[in-house]
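Same chain, two partners: chain A is paired with chain B first, then with chain C.
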Partner chain A sequence: MGSVSIRKVVKSYGAVPVIHGVDLEIREGEFVVFVGPSGCGKSTLLRMIAGLETITGGEIAIDGKVVNDLPPRARDIAMVFQDYALYPHLSVRENMGFGLKLRGTPAPEIEARVGDAARILKIDHLLDRKPRQLSGGQRQRVAMGRAIVRKPKVFLFDEPLSNLDALLRSEVRTEIKKLHQHLKSTIIFVTHDQVEAMTLADRIVVLKGGHIDQVGPPDTIYNAPATQFVAGFTGSPPMNFLPAELTDTHIRFENGQSLAIPDQRRPRGLPSGSRVVFGIRPEHVSRADGAAQLDMPVTLLEPLGSDTLAFLSVGEREIVGRFVPELAPRPGETARISIDMRKYHLFDQDHGRAVGSLDG
Partner chain B sequence: MSSKSPRRSIGDLSEGTLGLLMLLPAILLLCLIVVYPVGRLMYISLFDWRMSLPNAVPAFVGLEHYIYALTDDPKFWDAVYNTVLITIITVPGALVVGLGLALVANLPFKHRWPTRLALLLPWALPLVFAGLIFRWFFNYDYGLVNDILQRLGFGKVLWGTDPNLAFFTICLVIIWKSSSFMAMILLAGLQTIPRNLYEAAKVDGATSWQCFWKITLPMLIPSMVVALVFRTITAIQTFDIPYAMTGGGPGGTTETLAMYIHKTTIDFLDFGYGSALAMLMFLVSLGATTIYLRIIQGDKE
Partner chain C sequence: MSAAPAAVATHGEAEIKINRLWLFAAGAAVVVNGMFPALWVLLTSLKTEGELTRVPISYLPQDPTFQNYLTAFAAQPLARFFFNSVVVAGLSTVLTLLVSAFAAYAIARLRIRWKNVILSAIVAVSMFPLISLMVPLFQTMRALGLLNTYLALILPYVVLNLPVCILILVSFFSAIPRDLENAAMIDGCTRLGALFRVVLPLTAPGVFTAGIISFVNAWDEFLLALSFTSSMQMRTLPVGITLYQGEFAFPWPIISAALIVAIVPIAVVIVIFQERVVSGLTAGGVKG
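Let's turn to the complex of A and B:
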């Protein structure tokens, strides 16, 4: 109940291709998040699964059954839209029961299922209101309730949190995660927000320009990004990148400064003199005593309360470090900064792929 | 504040006074073109004023004209009957046809302007022209309709002589003429329905037919009420098309209230009685409008 197979799926609008042959297997009960910048094709892919967009090439199967030519109503899916798409002329109760009523479900069963869903979502006191009488967060819940009562094979969420304010967004995010643990059904969730992707997903699918850059659990995406794009998309602030040249023992930056490579983290398959992009996350830039240290001028501090971000110059380039506030360097000084060389990444300068087999 | 500057500026006025001041031009205009003529009409309706009599002097008769019209004038009731019948046939008829046209015009054609232009043309045509065109269409000897009937092997039909057929053709033309107006209002309404409601309904399991009944129609009700209000008021005042097509005949069977008023006032120069009849029509229009407005307001609560 609820697996989705996407095989070599292509989508074009006229002569303009927007999805270039995507392959993905989604297991039953899995929470999969499609993430990527605007125009990467994540919503288009979701709408193709829903049946709201035609499939130009390849096939999509739900529970092993190819659904390419089935209308949305025959696919047994439910969808939560970005702006909720509640029926304005119907009450909350009628909105939630709409799909069941169309399918000829007996009235007492509709009533029971709407009641159950409303209790789970804590909207049972709103059942007789019209959508316009609800706040944004309440509408969001009704939209989810409308999906839940149907007990579909697959839930599709199209950026459902982007119209909520920041506080409500994190609250509803938690509830969606709880809901998934409760319902144990397959969820495909589209977002452009990497925090939502990291916190919600069993597996993240990072899309860029109509193809998949990387698929994996959040910690793999975070700790072993397959491309520079994925590395730069996750984390807040995202990974720092510095163009560099590889020597036998060191990584040398454009301004001549270099970092020693520990023996156990020597990149494999890269000859000395390779031009690479060196990547390091802000939390691996610290003032701890380590083997690899650089003297860097501090240009700016951003105190966040729990941590302080410091902007540090490396020649013409700049990187960000995350420091414990008491240990943060002062702006204007040149500080001795440690780079945790157990955690660095290398990327190809031309096509951005991770190189040197540095997983973990 | 104002105590320091002796000159009072317009900004010192209270919001209510300022608002009234700004509304004054509109109020004056309305008085000139609505309140005065209606008041004058009501005034004249209380007098016996027949220009057909030599040296006619208006004589005050009170409500006599109204009493006569309502109790003793079969021609008045015939005209009311015809008008009501035209209204209850052509208003829903135009709503249904107009809805169909609006749905067609709203289809995602690559080039929408031909359908929209076709939609506009009947509306842009003057009423009398429409009446004359169809009078020729339905002419016994050289009309297009009888020509087609004959080519198909049927006999010629006396469209203008049979009271029922004459009434039927008039209703047909009114529906043709007014459905484009309906369609334009409904098309505007259709375009305000968000597309994602249909997507949500499709995912929820709706067929296209169910989408129409469960989404399109309920969401279109406000536009339909607006269209019905305007259309009902003009239907009550139906004049041009029957005037051009049948002139009220045969034997007054297609004479509407507006035509009867016109005949009384302009042809027979009975200003007093004509004004009383016009007042009665005004009251009926007012009543219809009030009912619709009640419906709209009731719907909002």
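Let's turn to the complex of A and C:
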């Protein structure tokens, strides 16, 4: 088990910078998820920690020891790859014991550790098979087993679930979380899927264009997003955004409709007339009485079973609300919709930063 | 409804049958063309000189004899030629595989500028006619004092075989996912370790193919072997076999016996590895 320190890390390919000075401290035993759209640099950052990519600038330390110039094999890490990367010519047993064998571990100990890991992952009946004889989920378990037997300081997962079908994905996701609770080891997990990030992480690192947009526990990321990007990346469906203008008492939208701001949620540091982006999550768009209300035409319904999504027009814009199926408005009608103004967010129109000190 | 698909199916089957007939005919033509001379040499090696020149011609040996083989070994140091060929072809193959594996791995994996230019240059070099290289090579070998040594043949054979071997291995190495090597390096391998423990075992068909091609080329090579070795002790089989002919005589049965001695080992090697070589020639380009 180990900590990972990332200090002012920069990565460029030739003249093209892809990581622009990232700082991050990962504590021992922590489950950290790097999340972001493709091209945000999350995999590159992970591969720099692994030693598979060189570090252009800055420093990466594992357990206090700078590893910039250490090859992958000397960093005491293990990695699980998206496409499993099992050695096709070796059996499951040999795949899992490969790293131990290279490190000169005595055969009986390899056997014992491979056996233990196989039992934890429920693959002990597959040990003599070759990777091609396994299903996708089984292969992913073997890949995890190969990482576990090494007892490394840090586990690195590079989008390990993206090749699995939806059902299997949530199953293996649960197992990874159980594994972390069992092993209590440091895990860095890369994904583009915000659900994986929310469900697995102790802390989420949201990356965008080679920068860290926000670092925090899942509930902070969800309830107090630091930028419009983070807000729009989390939740399904994600947060609704409407350009608006701030007055002393109201938030006025482009079509002239406006919402009264409750006294205790008045934005600070923003003069009247400020142009902002108003953000509200779908679950805070409801038909409850007593809250701020707007009349909105209903364009479309998407029933999900447990609840129903309704697409609502605000002038030229559209927002999504999540309703209890019985209370969902009907398409075509103009419904009176409540907006929970205790839960709204404001973002800067130019930079997307959260403004108005509404959180906390 | 049901008649139409059945008719189509019959038509399709007939077409497949005709196609197979053509394939079989073409295959038979290739086999006969390739096998007949070898078979004729084998039959000749079992005949006496008298039977060979008798009219009318006899196809199968009337009185098969192994005397020609004994004479072949007695008249010239055929065993020595054979040994020399094994040494030269064997060592040059090992060296070729080693060098081409490193070169191909570098081309397939490392971030190098002008990769395609390098590959094209390698192919271009292999197009030079051997005869144009003879004089400079000869002078080089003489200057290095290597004439009449195994190295005089091994070094040029390695160089001549490198391009095709590199091309074969590049296509095989490129088909191996990089993350396999990354996994190996994280597991504790150096890059070279990953090459030897993971990449080469997985590309065995390609390595065998390259190895066979390089071995056969070296085994059959005549021009350099004739020019760079003059001592009897250093002759290889192709050159040695020409020594059976006298000024006025061509002892065909004895020459045939020596030829069979030269052909059989290579045929055996190819039969043993043929499955791997066939899969090696067809796979590689396609991921699989």
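Simple rule for what comes next: the second predicted complex is superposed on the first by the 357 of 360 C-alpha atoms of A that agree within 3 Å, B and C clash if a C-alpha of one lies under 4 Å from a C-alpha of the other, contacts with A are read in each partner's own complex, and residues count from 1 in each chain.
As a convention for this text, a residue touches a chain if its C-beta (ideal position, glycine included) is under 8 Å from a C-beta of that chain, and two chains touch if they have at least 3 such contacts.
Because the structure is a prediction, the values reported are computed rather than measured.
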Open item on the list: Under the superposition described at the top, does placing chain B and chain C together on chain A give a clash or a fit?
Closed with: clash
TODO: Identify the partner contact of A:F81: answer first if only chain B is touched, second if only chain C is, both if each is, neither if none is.
DONE: both
Open item on the list: According to the stated criteria, A:P218 is in contact with first (chain B), second (chain C), both, or neither; which is it?
Closed with: neither
Task: Partner chain in contact with A:G145 - chain B first, chain C second, else both or neither - done: neither
Open item on the list: Going by the contact definition given at the top, which residues of chain A touch chain B in one complex and chain C in the other?
Closed with: 50-52, 71-73, 77-79, 81, 83, 85-89, 98-99, 102-103, 146, 150
Open item on the list: Show me the residue ranges of chain B that touch chain A in the complex, using the header's touch definition.
Closed with: 194, 196-197, 199-207, 210, 214-215, 218-219, 221
Task: chain C-touching residues of chain A, taken from the complex the two chains share - done: 50-52, 71-73, 77-79, 81-83, 85-89, 98-99, 102-103, 146, 150
TODO: Write out the stretch or stretches of chain A touching chain B in their complex.
DONE: 50-52, 71-73, 77-79, 81, 83, 85-89, 98-99, 102-103, 146, 150, 156
Task: Residue ranges of chain C touching chain A (in the complex, touch as defined) - done: 177, 179-180, 182-190, 193, 198, 201-202
